[in-house]
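Each structure below is given as structure tokens.
Look at the two complexes coming up: subunit A is in both, with subunit B in one and subunit C in the other.
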Partner chain A sequence: MNLKLGYIQIRDIQFAKTSAIKDGVLNVNAKELEALVLEDENFASVKFDIARPGESVRIMPVKDVIEPRVKVSGDGDIFPGMISKVQTVGSGVTHVLKGAAIVTTGQVVGFQEGIIDMTGLGAEYTPFSKTLNLVVDFTPIKNLTPHKYEESLRKAGLRIAYEIGKLGKEITPDEVKEYEFLPLLESIAKYPNLPKVGYVQMLQSQGLLHDTYVYGIDMKLSLTTMLSPTEVFDGAILSGNCVSACDKNTTYHHQNNPVIEDLFEQHGKTLNFCAMIITNENVFLMDKQRSSDWTAKLTKYLGLDGAIISQEGFGNPDTDLIMNCKKVEEAGVKTVIITDEYAGREGTSQSLADADPAADAVVTGGNANQVITLPPLKKIIGSIGHVEKIAGGFKGNMAKDGSITVEIQAIIGATNELGFNRLSAR
Partner chain B sequence: MILVTNNILAFNKYGKEIEVKFNEETLCELLFRVRDFVHSGHKLLTHPLSGSVKPNETCFKSVLISERKEGTDFESLKIIENSIQLVKNFQKYEIPKEYLKDLREIDLTLIGGAIRK
Partner chain C sequence: MSKLKVIHYINQFYAGIGGEEKADIKPELREGAVGPGAAFTAAFGDKAQITHTIICGDSYFNENLEKAKKEILGFVKKVKPDLFIAGPAFNAGRYGVACGTICDLVQSELGIPVITGMYRENPGAEMFKNSVYIVETNNSAVDMRNAVPKMAKLGLKIVKKEPIGASIEDGYLPNGVRVNFFDTDRGSKRAVDMLVKKLAGKPFTTEYPMPDFEKVPPNKAIKDMSKVTVALVTSGGIVPYGNPDHIESSSASKYGEYDITGVMDLTESTYETAHGGYDPVYANQDADRVLPVDVLREFEKEGKIGKLHHKFYTTTGNGTSTKSSKAFAKEFAQKLLYDKVGAVILTST
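Showing the complex of A and B:
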């Protein structure tokens, strides 16, 4: 598969009478989008707002972040199986509104988490303090169940991103990158001397607020399978995961998966990136057994020399991660795992719910129990609710000046397990 | 299978279908109780840290274990011990009462998916 991503650099977002992109400025007619959202009778109202880097704005509780993209040529359409019809994507030309993001917020359940600060210390911990955010705040009708609210909210966010993405169809991109993913045998023939490396992506799939969709299919119902990484760039994998702000993968993370981008960068130079495997993280131990068996079987069948395994979430998925790692290593394939840690505030406690000597190459996204103090910000989009009590916080953590002390697990993407975050160490 | 839970919704919903061991207790007490079952020969069927709601953000948990008692299953023991260890890393604080309904609902949904299988 060959996919060209054309990046249209967005410099600002403005509300306007006509939706269009002019000289890098994304003009948005909020009324039109409101009408689109309210076609879903589960919503009582919807509010649009804009948050720019550096502004004194806090957004919470964030449910998803989505990058607007549009299919210019090639099979299928963006967000297949969810917003557009089911057809294989990942080839042709796709335009990306780079620098812009749709951020959805809404109180699906009582407790809240998922903070994006556009300035101050908190901004250093989330990548979405650097994007121009069109924030959509959804209010449901009364007595809507959390299941239905979550589904409506998730789809509405994707529809908005889809509509906004379309504005970039006729625009000439500022930069074009080409990604080629060959059939396995061709890839091996082309780079016979390079190590064959695959990417195993684990997808959250535990239940309400903890799901991931692949071509519209709830991943907990799928066996471990394969796809082309270029399909992911076109929105084949979508987030329905609203819990665990710091280490969940939003749709934006999937669309910009840095493991895939980096493997492509090294492809043909230091390694042969020739397989992508996706697997789930169910709660039933028997499912874990089955899925990790399949992961190992596939890596062996494909004849991989090495695999990178990325996790999503905390606790329960630690067990899937270690099962995958151990079994893939036993199949004779070297692994590197990517995770994050809950090592206590001092960072000295056991940090994962599972471990094995086979996991001897580990990349961490950081310690989610690390404590930071967020300064008071002038404007809140969404609702602050009881953040000081619930979102990685603790009793009495709001100071007189309005600053709040929280664990970084409260911040969207702070310890992301795809490596799409701003934490680093020397 | 046997359901070990401190979530009254799970007891009410599944109490007639399967054996449910319900206690009003904290999350830690629940995990200790699950560990006792593992020590006495039951196997874990679901992960004790199901769901990504952090241990200090929820107080409800439902865990499925095997009906049959055999020798201690060391894989189950490792999982429950590691889970208890990890829960201790989180700062404890009081969860606002108005959230309890939603937290029970999430736990019920997660375990419901497993029971239906």
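Showing the complex of A and C:
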């Protein structure tokens, strides 16, 4: 598969009468988007706002972050199986509205949504302080169940991103990157002397609002399987998660999966990136055993020399991570795992809920229990109401001046386990 | 601002007194800097000054441990420095152990900030890296010019109570405290680089060495449950409605102990979950799904168990460090024993 990603650099977002991209400025007609959102009868109202890097703005509680993209040519369409029809994506040309993001906010369950600060200390920990954010704040109808609300919220965010993405279809991109992913045997024939490397992506699938969708399929119902990494760039993998903010993969993280990008960067130079395996993180032991068996079996069948395994979440999924690592190593495939840590606020605890000597090459996204104080910011988009209850908060964590003290696990993407950030720990 | 007062501890070799044949010399306090002290003086600039040097033979220290400790501590007490430095000892085993021992002592007994330096395989490193800051050096004195500025810098940071960075930033041996820092490259690139090295058989450094994972062997089976008091313990965050003790939704700082005397069933209006790591809808509808009080009351009635203990213990396992969990359990396990509880049903989520 060959995919060209055309990056259109967005310099600002403005509300306007006509939605269009002009000289890098994304003009948005909020009324049209509002009408689109309210087609879903589960919403009572919706508000749009813009948050720019450096502004004194706190967004909370954040549900998902999505990058607007549009399919210019090639099979299928963005977000297949969820917003567009199911058809294999990952080839042709896709345009990306680089620097822009759709941020959805809405309190689904109270604990599990996070914070984006556009300035100050908190901004250093989230990648979304650097994006121009069109923030969509939803109010559901009364008595809507959390599960229905999550589904509506997820789809509304994707729909808005899809609509905005379309504005980039006719625009000439500022930069084009080409990604080629060959059939396995061709890839091996082309690079006979390079080590064959795969990427094993573990997807959050504990269920009950901890879900990830692949071509519309809830990943907890799938066996471990394979796809082309270029498909991921077209939105084949989507977040349906309401879990701790720091290490959940938002849809934006999937669309810009840094492991895929960095493996492609070395492809043909120091390694041959020739396989991508996706597996789940289900809660039952039987599922964990089956999925990790399949992961190891596939890496061996493909004849891989090495694999990077990335995790999503913590605690329970630590067991999936270690099982995958151990079994893949036993299959003779060398691994590097990417995780994050819960070493306690003092940093003195064991960091993972499981461990094995086979995991001798670990990259960490940092200790999620680290406590920081976020300064008071002038504007809140969404609501600050649950700041004591969110994962990473505690009783009395908001001072009179509006500053809040939290563990960095409350910040969206802070300890991301795809290796999205520079944060680490020793 | 006046310069900070520093005492420097070195052995007979670095004092220029002699090698192995002079290793039995007794502790001696000299004014001013001696030997490597000159390099420290340069590194400290106008911020600090070595006012005194303590010299002690390595054999003397290790063979007359208690006496040597007392004598050296006496010198330090007399001078009352702002900072105590020892070494660097590089890979000299007895010297490293002496540096670690005396630093640990000065820090714990006198509350004076300390810093030492040595090679990671020095036996003193393994013994003291978790109690005092040990700057990592190479294995020979050739590394003196790198080691001294690092020790001086970290030493001053400790005195001034500035935040200490991650071991890799401030150059000390990992001490069991995980500290966050921003690396040069993003994690995915670090992972790809690490894999390329691992595949090529080249040395690489893991960012998190695997701990020795503690396995708990299960107790022996209970022969007759009908005589036993059974307690419920959960990490699923079930609490009385309103979460009266404000147990955190993640990274719990405490556990709760609640009386369920006379409680036959947990209902939507009386109990809920405080746990932020799973969808709380079903647990809030009926908390028995996580903490099965209703079923155990039936078992109690049917005589399948002796009785249900009148208290349950609860916390949120979500994002809670294993160290905290262990500390909670250690405490309430004693309470369970005191209350003659014979079996515990431990539920998670």
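Assume the second predicted complex is superposed on the first by the 414 of 426 C-alpha atoms of A that agree within 3 Å, B and C clash if a C-alpha of one lies under 4 Å from a C-alpha of the other, contacts with A are read in each partner's own complex, and residues count from 1 in each chain.
Here is the rule we use: contacts are C-beta pairs under 8 Å (C-beta built on N, C-alpha and C of every residue); 3 or more make two chains touch, one makes a residue touch a chain.
Since the structure is predicted, the reported quantities are computational estimates derived from the model, not experimental observations.
K.L.:
Specify the outcome, clash or fit, for subunit B and subunit C once both structures are aligned onto subunit A.
P.N.:
Partners clash after overlay.
K.L.:
A:K220 contacts which: subunit B (first), subunit C (second), both, neither?
P.N.:
first
K.L.:
Classify the contacts of A:Q266 with the two partner chains as first (subunit B alone), second (subunit C alone), both, or neither.
P.N.:
Only subunit C is touched by A:Q266; subunit B is not.
K.L.:
Please indicate which partner A:R58 is in contact with in the superposed arrangement: first for subunit B, second for subunit C, both, or neither.
P.N.:
neither
K.L.:
Which chain, subunit B or subunit C, is in touch with more residues of subunit A?
P.N.:
Of subunit B and subunit C, C contacts more residues of subunit A.
K.L.:
If you stack the two complexes on chain A, which partner ends up touching A:R345: first (subunit B), second (subunit C), both, or neither?
P.N.:
In the superposition, A:R345 touches subunit B and subunit C alike.
K.L.:
Is A:R159 touching the first partner subunit B, the second partner subunit C, both, or neither of them?
P.N.:
In the superposition, A:R159 touches no partner, neither subunit B nor subunit C.
K.L.:
I'd like to know which partner A:H210 touches here: subunit B for first, subunit C for second, both or neither.
P.N.:
both
K.L.:
Check whether A:A353 is in contact with subunit B, with subunit C, with both or with neither, and answer first, second, both or neither.
P.N.:
The answer is both, since A:A353 touches subunit B and subunit C.
K.L.:
Of the partners subunit B and subunit C, which touch A:P258 in the superposed model: first, second, both, neither?
P.N.:
In the superposition, A:P258 touches subunit C alone.
K.L.:
For A:K4 in the superposed arrangement: first (subunit B), second (subunit C), both or neither?
P.N.:
A:K4 contacts neither subunit B nor subunit C.
K.L.:
When the complexes are fitted on the C-alpha atoms of A, one of 6-14, 24-32, 222-230 or 240-248 in subunit C overlaps subunit B. Which is it?
P.N.:
Looking at 6-14, 24-32, 222-230 or 240-248, the stretch of subunit C that collides with subunit B is 240-248.
K.L.:
Intersection of subunit A residues contacting subunit B with those contacting subunit C?
P.N.:
109-111, 146-147, 206-210, 243-244, 314-315, 342-345, 349-355, 369, 389-395, 407, 409
K.L.:
Under the stated contact criterion, what part of subunit A meets subunit B in this complex?
P.N.:
109-111, 113, 146-147, 204, 206-210, 220, 241, 243-244, 247-248, 282-288, 313-319, 342-345, 349-355, 369, 386, 389-395, 407, 409
K.L.:
Can you list the residues on subunit B that touch subunit A in the complex?
P.N.:
Per the stated touch rule, the residues are 44-47, 49-57, 64, 78-79, 82-83, 85-86, 88-91, 93-96, 98-99, 101-103, 105-106, 109-114, 117.
K.L.:
Taking the touch rule as given, give the residues of subunit A at its contact with subunit C in the complex, in rising order.
P.N.:
109-112, 124, 145-147, 195, 197, 206-210, 242-244, 258-259, 261-263, 265-266, 270-271, 305-308, 310, 314-315, 334-336, 338-339, 341-357, 359-370, 388-395, 407-409, 416-426
K.L.:
Report the residues of subunit C in contact with subunit A in the complex, numbered from low to high.
P.N.:
166-169, 174, 176-192, 194-196, 198-199, 204, 206-213, 246, 248-251, 253, 275-282, 317-324
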